[in-house]
Amino acid sequence: MEDLFSLAMLYSTIRLSTPLLLAALGGMFSERSGVINIALEGLMLAGAFTAATVTHFSGSPWIGLLAAIAAGLAVASIHAIATIHFHADHVVTGTAINILFLGVPALLSGAFFDSTGATPQIPQQNLLPLAPVILAFLFVPLAWWILSRSRFGLRLRAVGENPEAADTAGISVRRLRWAGVLISGALAGIAGAYLSLGQSSLFTRNMTAGRGFIALAALIFGKWRPVQTMLACLLFGFAEAVAIQMQGVAPLPVQFIQMIPYVLTIVVLAGFIGLARAPKALGIPYEKEAG
Amino acid sequence: MKILRPLAMPLAAIAAAFILGAVVVLMIGDDPIETYALLIGSALSWPDGIGYTLFYATPLIFTGLAVALALHAGLLNIGAEGQLYMGAFAAAWVGITFAGWPGWALIPAAMIASMFAGGLWGAIPGYLKARFGAHEVINTIMLNFIAVALTNYFVQYHYREPGDAIMQTREIGEGAHITRLGEFIPGLPTRIPLSIAFFLALLACAAVWVFLRKTRWGYEIRATGANPAAAEYGGIRTGRQIILAMTLSGALAGMVGIGEVLGYRYRFYDGFSPGYGFTAIAVALLGRRHPVGVLLAALLFGALIRGGLFVDIFTEKVSKDLVLVLQAIIILFVACGSAFRFPFGKRARGKI
Amino acid sequence: MLELREISRRFGSVLANDAVTLTIRPGAIHAIVGENGAGKSTAMRIAYGFYRPDSGTIAVDGQPVDFRSPHDAIAAGIGMVHQHFMLVENMTVTENIILGAEPGGIAVGFRSAEERIRKLSADFGLAIDPQALIEDLSVGQQQRVELLKALYRDAAILILDEPTAVLTPQEVDELFAILSSMRERGKSIVMITHKLSEVLAISDEVTVMRDGKVVGHRLTSETSAAELARLMVGREVLLRVEKGDAHPAAVVLSVRDLRVRAGGTERLRGASLEVKAGEIVGIAGVEGNGQTELIEAIAGLTPRGAVSGSIELDGVDIARLTPRQRRELGMTHVPEDRHRRGLLLDFDLEENSILGVQTSPELNRGGIFLDGDAVRRRAEAIIRDFDVRPPVPELPARSLSGGNQQKLVIGRELEGGPKVLLVSQPTRGVDIGAIEFIHRKLIEMRDAGCAILLVSAELEEVTSLSDRLLVIREGEIVGEVDPRTTPVATLGLMMTSRGRASA
C-alpha cells in the first residue's frame, strides 16, 4: 500500500496525466469559446498516428511532433467548418470525427506499412519521452495567463459566454471560435504524439482507449479552468497508475479501479461536488441577427 | 415524386461518402472501382452476402431505433454501446443461470432480461438529466466505459469456463438457443448466424412506429423533444418524458443481446460489438429518425460491415476500416445538411 | 448634435419608420415616447448603425454620416444602452467595459483601464466597483456598467432604450441623478420610453411617435401627461365589434392577492380579481407590467415556489394543481406567444389540435392508443368552426399564416366549451380578417356562458371586447374602469403614469 505514494508512482502519475492534460487544455480553449469538443479522442488519434508515421519516415521525432500538430490543426478544421459555418450539432460532428479516426489510421497504415493498424516500432533514440511532459505542465500557467490576462483570452471568454455581447462590441465570434478549435487541435495533436512517441514507441489501433473522453471529463471536473483541470488530470492519471500497479496484485478487481474516473465524472456532472458551470453559450450556434 | 424529397439528403450524404471514400482508396493505392465492386458484390451475394448483411443489420436496427427514439425526445443517446453490452450480458446470465429451463420459458426470460438491463442503463442518464440537468452525452459515454468494465469483471471472475483463456462466459443452456433462419429458409445454410432476431428487429421497427405515432406516450415524448415549453403548456411533464425515452431507448439497444447471445455465440463474448452503438448514430441520422429509414440505413450499414470484411481480406491495401470512414463522412454530411439543425442548443442545456 | 432627417425604413410589409425627423441637442435630455410598435426603437437603431435607413439622412454636428455598422456610430460618438443588457455575467465590470476596446497590446492594461473607469465613475456619479462580477450586481448597477461602456468610448450622444423598464423606483431616481449630471457635462441623451411620468420628471423635450411617424414634438415644460397620452394613443376608440350586453352569472374565477417572484423581484404584487360566467374581463396595460406572470400563474405554468396567493375555480382552490388538472376542471389558456408555448410548429394541424387534451378519454383508447378517428374528427371540427385555412389537417403548423395559426390555437382551447378562458394577446400578428373572426368568437363564447379573462396590449381591442376593464401597472391592478365610457387618454394615463386615477 505504501507503494501507492512512492516516487515511482509520482513519475507514473505525471506521465499518465500528460496526454490528458494536453488534450484537456486544448479542449478548454475550444469550449471556453463556445464550441463543444467531443472530438478530442479522434484528434489525439490523428496526432498519434501522424507522429509515429512521420517519425518513422523522417527519423526525427521533432518533425514527427510538428507533423502531429499539423494533423491536429487539419482535423480540427473539419470540426470548425461544420460547427461554425454549417451550424452542425457540435456533438454529432465530434462523434463523426472520432469514428473517422478509428478508421483512417488503420487504412493508411495498411497502405504505408502493410499492417492492420500499427506502425513500425520506433528506435529508442527517436522517442520523445520528456518534452511533451514539460510542455504540458508549462502550458498550464501559460494557459491561465492567456485566458485571464490577454486580449485574446478576454475576447475568447466573452464569445463563449455571450456571443451577442461580443458581437455588439465589434468582436468576430467566428474568428475567435476558429482559434479556440484550432488550439484544441494542436494540443490534442501533441497529446497524441506523446502517446505514440513518449509513452510507447509506436501507434496501435485505437490506442487512446477513451483518453479523449476522460480529458473532457477532467475539463468539466476542473470547471474549465487551467489549474483545476490540471489537478483533475493528475487525479485521473493517478487512478490509471494505481490500476496498472494493481494488476495482478489486486485486493479489488482491476475493473473497478478502471471505473473510477468514469463514475467520478458522472457524480461531478450531477452536481454533487460543487456546481460545474459551463460557458453559457457552449454548444449553441451563433447566428448573426440579420439587420 | 413526393417520396423523393425526404430521401434527397440521405442519398446526397451517401453519394458524397462514396466519392470521398473513392479518393481515399486511390490515395492508398488501390482501385476504387474494384474495391467498391468487391464491397457491394460480397454484400449482395447469396447466400452468404445477404445472409450476413441481414445478420449485421439486426443489431443496427435495434440500436438505430434506440438512438432515433431518443432523438425524438431531443436527446442524444451515445450510450447504446454500453446499453447493448448490459443487455447482452443479462441475456447470457439468464441463459446460464436458468440453463435447465425449457425453451418456452427461458427464451422470453432472457429477452426480458436484456430489455430490462439495457433499459436500466438508459434510465440512469435519463434520470440524471431530468433531475440535475446533467447532459446525457457525457453521462452515456461514461456509462459505456463502465458497462464494458463491469461486464468484463463478471466474465473474468464469475462466469468464465475454468481454463478458458478467451474472455467469454460459459455457454448458455440449450433451451435458450433461438432458431437460425437457415433452418427454414431453403438455400440458406445454418452456419450463417442470421436468426429470428432479425424478425424481432422488424417487429421492433413496427412497434416503435406505432408507439411514436399512435400512442399518447409517443406523442408526449415527441412534443417534449420538439418544444418543451409548449409541451409543458400542454400539461406534459417533460422530466418524466426524458426518463421514459431514455429507458425505452436503452431497452431497445439491450435487445441486441438476443441475436448475439441467443442466436449467434450462445454466450457473452467480451468485446463482441464492432461499435454497433456508434454506428447506430449514423443509422438514426441517415434514417432521419423514422423507423423505416432506420431499417433501410441499418441494411446499408450491415452491408458495409459485411462488404468491409471482404474488402479487408481480398484487397491489397484497403482494410475494413474503409467502412468506418464512409460512416463518418455520412454523419458529417447529415449533420451539416440544412434539414438537420437539432435544437439541442436552444433548449435548457445541461452542463457538458 | 444628432439629426435624423426624413428617415424611412420598411421591414417586410410594415413601414416601421415613415419620414421620421428629429433633432437631438447637446446638453439636453430628449425623450421619445410611443406605444409598442410605434417605431421608436427602430429609429434609434438606425441612429446607432444597426439598421440602415431605406431613405433619409443622419447628420452628426451638421455633417451627414453613413453608418455601416455600430462601429461607425461609436466612432462618431454615439453610444447605445440596450433594453436587454449586453453583458457577460461571469466577467468583471472592467472586463465588460473594455471588451472590444482593450488598452494595451497582447496583454490587457487592466490597471490603466480601471483607473479610467474609476475616474469616469466619479465624474458622472456612477458608483460602481470595477472588480465586481456582473452576476453579483443589481439590475440598476448593471445598467451603470452599460452607461460606462458608452462613456468609456467617449460617447457624446447616449441613447437609452426603455432604461427604467427593469428598475425599482429607487434605482430610477438614482439613474435620473446620473442623467442630470451627464446633461450638465454637455452630453446629449435620448430616452426611449413609454412612461409619461418619467418623461415629465427628467426630460427637456419630448417627441411622440405613433405608427412609424412623428406626431408631435414639445418642450416638456409646455406639455402635460394628458396631452402626451392623447398623442401617443391617437384616435378615439371605435366599437368595431357588434356586442350585446353581457349577462354575467355567478363568479367562476376568483383570484386573491396573487404574487409572483421572478429573477429576484416581485413581478406580480398582490393582484386580486373576479370573473363571472358570461362576461369578459379585460386587463389593459403596457407589456411587461405583470400580465404575463398573472396569466401564467392562473394557468399553472409558474414554478410552485414562485407563486403565492389564492386561485379558485368554481370555489375550488386550484393553486396547487398542475396545468393538466386545471384544464380538466374547465380552464383553458390561449398563450401570448403561440410559437413558443402554443404550437408544435413542425407537427401537423391534427397533432396540434390535441395539445393539452391528449390524455382525455374521448381521444384515447384504453388510455394508451390515441383514437386516430376521434383526433381527426376533432381537428376537422376545429378547422371548420374556426375557419382555419388551408383546411388540410396534414399540413405542418409552420406553414400556416399567423392568423390561421392563432385561430387554430383558439379553436383548440374553445372547442368543448370551457368554463374559464384565459386569453393573452389574441390577435398579435394576425391579419384583419382573422381579427374580426376571433373577436366574434370570443363574444360568442361569452354569450354561451364562458368566463373570459382577456389580456391585450391593443387598447382598441381590450376596450371594445371587455365588459369590465382592469388596468395593470408595475405588477398591480391599479383600477377598474367602464370600457365604454372611459376616454382613451385616461386609460393611457393609468397605464403609464405613477399617479393613480379613479374611474
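Letters A, B and C name the chains as they come in the text, with residue numbers starting at 1 for each one.
We take it that a residue touches a chain if its C-beta (ideal position, glycine included) is under 8 Å from a C-beta of that chain, and two chains touch if they have at least 3 such contacts.
All values derive from a computational prediction rather than experimental measurement.
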| message | Quick check: more C-beta contact pairs at B-C or at A-B? | response | A-B
| note | So the chain most remote from chain B by C-alpha centre is C
| field | Whole-Å gap separating chain A and chain C, where each centre is the average of the chain's CA atoms | value | 46
| message | Taking the mean of the CA coordinates per chain, how far is chain B from chain C in Å? | response | 48
| query | Rounded to the nearest whole Å, what is the centre-to-centre distance of chain A and chain B, using the mean of the C-alpha atoms as each centre? | reply | 28
| message | Residues of chain A that contact two or more other chains, please. | response | 277
| query | In their complex, what parts of chain B are in touch with chain A? | reply | 24, 27-29, 76, 78, 128, 131-132, 134-135, 137-139, 141-143, 145-146, 149-150, 152-153, 156-157, 275, 278, 281-282, 285, 317-319, 321-325, 327-329, 331-332, 334-336, 340-342, 344-346, 349-352
| Interfacial residue positions of chain B with respect to chain C in the complex | 214-217, 219-220, 222-223, 226-227, 229-235
| field | Sites on chain A touched by chain B in the complex | value | 36, 38, 78, 82, 86-89, 91-93, 95-100, 102-104, 106-108, 110-111, 114, 116-117, 210, 213, 216-217, 220, 253, 255-256, 258-259, 262-263, 265-266, 269-271, 276-278, 282-285
| request: Flag every residue of chain C that touches chain B in the complex, lowest number first. | output: 299, 301, 322-324, 327, 333, 335, 340-347, 351, 354-356, 358-359, 364, 367-370, 372
| note | chain A residues touching chain C in their complex are 149-152, 154-155, 157-158, 161-162, 164-166, 168-171, 277, 280, 291
